[in-house]
Structure formats: C-alpha cells, structure tokens
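One structure, as structure tokens, below. Some questions next.
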C-alpha cells in the first residue's frame, strides 16, 4: 500500500432508524456505526428484511435516522444528492425515455453542454456493453440490460459515492454472474466509493473490500471482515467469478459468513 | 401525525370559506339575486318545508321513495338477469358469438337515448322508466361479467385441473366465477350509477313524481333552492348506494386489496 | 394466446372491422325479418330498417326543425367539443396541481367531494335556469360531466406516481420542479389519457341528456322529436347516429392513446 492515508468518506455514528407500517412503528436499524473510506467497496450482507436497505437509504439521504447522524466528507447528510448515486433493485428506469436519454438524465442537471453529454453517454454505453441500443426503450430490453442502463446512468453522473441496493437481485443466476464480473471490472478501471447491499454471500465476498454482516431486524453490524486488507482471497480482482469461487480461501470465508447469517435467520424465525 | 391534522384543518377551512362566501354573495351583500343562486340558509329552510308537507304532489320523503323504488326495481332485475347471462356468454363461446354483436351495438348508445322510444313503447307510466333504467344497469353487468369470465387466469384453471377438477360446471363454479367476482361487482357498481343517472333523466323528461320531477317543477316555479336541495339529495343517495356496494364488495371478495383513494 | 383472448385483446383493425360489419349486417337482417317479413311489430312501435335508412337519407336534404341532418350532427359535435374541451382545460391542470401540492389537495377536496356525487344530469334544471335553452346550458352540462373523471384520473396519476422513479430522479440531481415536469407528468400520462377517454364518454351521455330535455337542435333533439311526433324511425336514426359518433370518438382516443403512450407494451 502506498503511504497516503485513506480519506474517510462516509461516517455513520450511532444510527437508528424507525419504520412505520400500518400505524405500528418498529426499529429497523439499531445503533449502527461505521466508517467507509474513499475508494472502498463495502458490502453489507444479511438476511432479508434486516434493515440493510433502510440503512443504505440513510446514506442516500432518502430516509432520516431517528437517532445518530450520517455524514459525507464531514457534512451531515440531510437529503438525496447527485453525489450519492443509487442503483435500485427494480432498475427504476424512466420508461418513456430511451437508453440514451436515461443515461443522460443526471448530466442535464449538472449543466453539462450537449456535445459533452453525448461524449459521456457514449462512453458509458460502451462501458456497459450496450452499443447499438442507445435508442431502445426500456421495455425492449432484458432485465440484465435494464440494470446495465441503470448502472451506466449513475456512473455517468460521476457521483462520489455509489449506492447499490441488491442491484442484481431481480436477475437470473446466469446474468447475475456476468454482471458481477462486469461490475468488478468497472470498479477496477474507474474507482469509486461503493456501498453494496446483497443477501448473496458469494457476491459479497467476490465484490467487497470489506464485508459487513448485519443481524436480523433490528439491524446491527454483527461482524466486519476486511477481505482486501487482510488479503483473505488473493488475486481476487484479477480472476473470473468461477475461478474465485473455487479457491479454498473463498469457500472457507463463505462458510464462515453463511453460518453467521443462517444463525440469525433460524434464531429469529424469519424464513 | 402533524400532516393529517394540517390536512383536516385546511379542509374544514375551505368548507367554511365556501359556505361563508356563498352566504356573503347572496344574502349579506346581495350581489347575486336569490332567483339565480339562493343563499345557503334557504336550502335548509326548504328542506324542513318539503320534508313533511307536500311539494308538487308529495313530500320530499315521498318523492325520494318513489325514485328509489323505481331505480332499485330496475337495477335488481338487471343484475339478476345480466350477471348470469354475462357469465354464460363468457364461458360458452357459442352463446357469446350470437349475443355479443348485439351488445357491441347497444353499448355506445347512452341509455337515456332510449327514453323517447321507451315512452312510445310503454306509455308514460312506470314501465317506460323501469325499462330504461333496466337497460342502463343491464349492459355494464353483462359486459363486465363476460369480460371477467373470458379473462379467467388460465393458470388457475390448470391448477384446478391438476388437482382433480374434471367437470366444466365445477370449473365454472369453483374457479371462473369466484375469480371474476371483483370485476363483476365492479360492473354492478357501474350499473347502479348508470341506473341512478338514467332515473334522474327519465324523471326530468316524463314523470309526475320523484326527485327529478320535483327538480323540474322547482325550475318552472323559479325556486332554485329546491333544485339545489334535490341535487344534494340525489348526490347523497348516489354516494350512499355506491358506498353500500363497496362494503358488499369487501364482504364478498375479502381477498381483494382495496385501493386507498 | 387462445383465440378468444386474441380477438378480445387485440386491437388489430382489420379483424375488428370485419367482425363488426358482419354482426351489424346480421342484426339488420334479423331486424328486417322481424318487422317487414313477419310483421310482428306495427311500424308505429318498431319501424323496419329500411324506413330508418330512408329517413336518414331524407333528412340529409329535408330539414327537421331548423337544420338538416348534417346541421344537427354538426351542432351536437360542436357542443361536445366545446364542453369537453372546457372541462379538460380546467380539470387536467387542476388535477396536476392537486396531486402535487398537498395543501391544495386539502383545500379543494371537500368542495369536489360534495359536487362529484351529483350526477351531471341533475344539474340540468339549474343549468337551464342559469343559461336558458341556448348553447350555454348544454356546454355547461357536458363540461360538468366531463370535468370530474378527468380531474380524478389526473389527480391519481400524479399523486400516485411510482415513488421509485422519483427517488431515482432525486439521486440523479433533479430538484422538485424538475421532477414534476420530467418525471411525474410523463409517468402520469397513461392515467390522464384514460381519464380523458372516460370524460368523452360521459360528455356524450350528457350531450344526449341535455339535448333531450331542452334543445331545438342536435341529435338528442331529433330523438326526442321522434317520440313526440310519433315517428320512431326518427328516434332510431338519432340513436344510431349517436352510437356511431361515440364509437368514432372512442376509436380516435384509443389511437391517440397508443401514440402517446409509446413506451408501454402489455
């Protein structure tokens, strides 16, 4: 590692979030504190409904914590911003806009001139390998393609932080694997700070620099594993997905994380 | 919680403003003549005036009951004939092929347009009104019923077949009809609304009793307060009937998620 | 897809027009048999189809009242267009504003909820009192009828826009005003157009009602005159023309809908 100290990008301090459903309020996130460094790929993994999406929403600025604060670069996050782009599980593409217009969306609000926008959109269309589909509408695309547009749309907007909420959850297993490899490649070529939510343990280990395991609701961080720092799965980012998951380091890590999550699921009867 | 009390406050405020403005324009400042728009208090006094003592032949209650009788009579017979017919049309292709063209022709013609012909056929009495009202409720009931049956989810039918249901009749009763109930009831609701509207029109045109007749007479006598009174009652009755049907719907189809607007 | 659902769900023109024409012909034939051949109905009660067509043909040149046939049709069409146009011009913007600004919703809703259940037809006596028997009262009734469906549908379309799309827009840097124009409005177009379609249907019904009760021209007037003058063929002719007018209007709106909502394929 070169001697430069890593900058603290996102700091969450004692964040608790309450949720209201059918006039009952319950605690979704319970006193979570964490720090995310600039350029880190952090994955939060945990059982369904544990609060990971809710927690990510506090970073996105879409939800205010009832206790504690979340800040980016020292400033408290009070609302959504283009600096914290979000990729949603259900794609959230604007159905009346073409692929090109979707990817272009955020750039207009940054005041970027048309010619420059064209360049940027073209670049990211290529990066997500959707050349030739610029004028297609979302309903003409497959699930994987739609998600690629969603990712390109956020990437093109150059946010400082990328928040991804189970982005591959709505895709079939095969597409998912390929998308994971693509994302890994993108992350290597254009490094951003990424917060990634998933309930797939394999995905977490494959993609994450650090993996945080969340308990069942109300969500707390049960354990944090620093995969990159402690080089737990060597040369991970230079290998394909199928190669990585065959290594014994991967398998033992997966077993460890899965047993922790499974314990949560069984203990709280949430299946 | 602050949001809903703010909403309540604004709603009450706007009602008050409207009533006060209405009062101010008509009674207090006298800008609008009472023959054009009566002050709000006239409506209240008129209500008490006609509720017990007769107005053009019957009390308010009497006229209301007349209207209701006719509407409910026509409506119920339409529902009782229309729904089974619609179901049969939806289930048996042959019946549909014969009767469907007739409905496609009938549908764009508003039931009110039938009133003159109906008068010619049945004379000025009750029958002509009931016919038109029956027609108004009949068409949506049939159309919704057969549409719903035709769109029965084939997946559910396959599931039933795979669980041992063999006879066509059982499939109809156990799968097609229950799954079509929400849409059928929707058709019933539309039919009721149409029937009610058609009744008012029929009473405006050719009647000697009922709320519509009362309105028409009040207009001739230049008593807009009575007109407005009748309008409000017609509106309230219509809303109550619709609400009643909604409650019935929820009882009959508890599995349907209710929309929240 | 089974053939049933195909013929029902598919808006392929050729198939529908063929089916409609053949069923219409079949029906006319049946009608002819009932009246002319079998003589079941006296012509005072149910005139034969030829009589109706002859009346249609005749009235193209011979005036009824003050207008010839196309004049009556034209007057009815003008009334509908003005009435519905007026209603939409008010209802759609209001619906958008009410859907977007909660406070406006709270302020306007009570009045709307009181007026909405009153059937437009019930406004006729009041309208006649206020506007007389001229164009004004007809336009008023049609407008009242067309106003509420358009308002409600627009309101729902705007208010219940998929929250996900709004979140996405916010995280891409759009501000509130931009979100209304760029996301909420396009997203609510389907419902708005559906509301317009309903409005036109209600408007037609109100047209007929208003013309039946208090008019001296128009298709509704013709229908009523037929009853008064004991000429059912006139009434039937009017009814058929109204039906055709309604079908045309519906088709036009469907075509517009398909053009405007190009992004949805069901």
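A, B and C label the chains in the order they appear, each numbered from 1.
Please note the rule applied: contacts are C-beta pairs under 8 Å (C-beta built on N, C-alpha and C of every residue); 3 or more make two chains touch, one makes a residue touch a chain.
Not measured: the values here are computed from a predicted model.
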{"item": "Shortest chain-hopping distance from chain A out to chain B", "value": "2"}
{"item": "More contacts between chains, B-C or A-C", "value": "B-C"}
{"item": "From chain C, the most remote chain by mean C-alpha position", "value": "A"}
{"item": "Mean-CA-position distance for chain B and chain A (Å)", "value": "52"}
{"item": "Whole-Å gap separating chain A and chain C, where each centre is the average of the chain's CA atoms", "value": "50"}
{"item": "Where chain B and chain C are represented by their mean Cα positions, the distance between them in whole Å", "value": "18"}
{"item": "Junction residues of chain A, two or more chains touched", "value": "none"}
{"item": "Chain C to chain B touching residues, read off their complex", "value": "2, 4-5, 8, 19-20, 23-24, 26-27, 44-45, 102-103, 105-111, 114-126, 128-130, 156, 159-160, 204-205, 208-209, 212-213, 220, 223-224, 226-228, 230, 232, 235-236, 238-240, 242-247, 250"}
{"item": "Residue ranges of chain B in contact with chain C within the complex", "value": "3, 6-15, 18, 36, 93, 100-102, 104-105, 108-110, 112-117, 119-121, 147, 150-151, 154, 193, 196-197, 200-201, 204-205, 212, 215-216, 218-219, 222, 224, 227-228, 230-232, 234-236, 238-239, 242, 261"}
{"item": "Of all residues in chain A, those that touch chain C in their complex", "value": "60-62, 79-82, 84-86, 88, 90, 92, 94-96, 105-106, 109-110, 137-139, 153-154, 157, 163"}
{"item": "Residues of chain C touching chain A in the complex", "value": "164-165, 167-175, 178, 182-183, 186-187, 189, 262-265"}
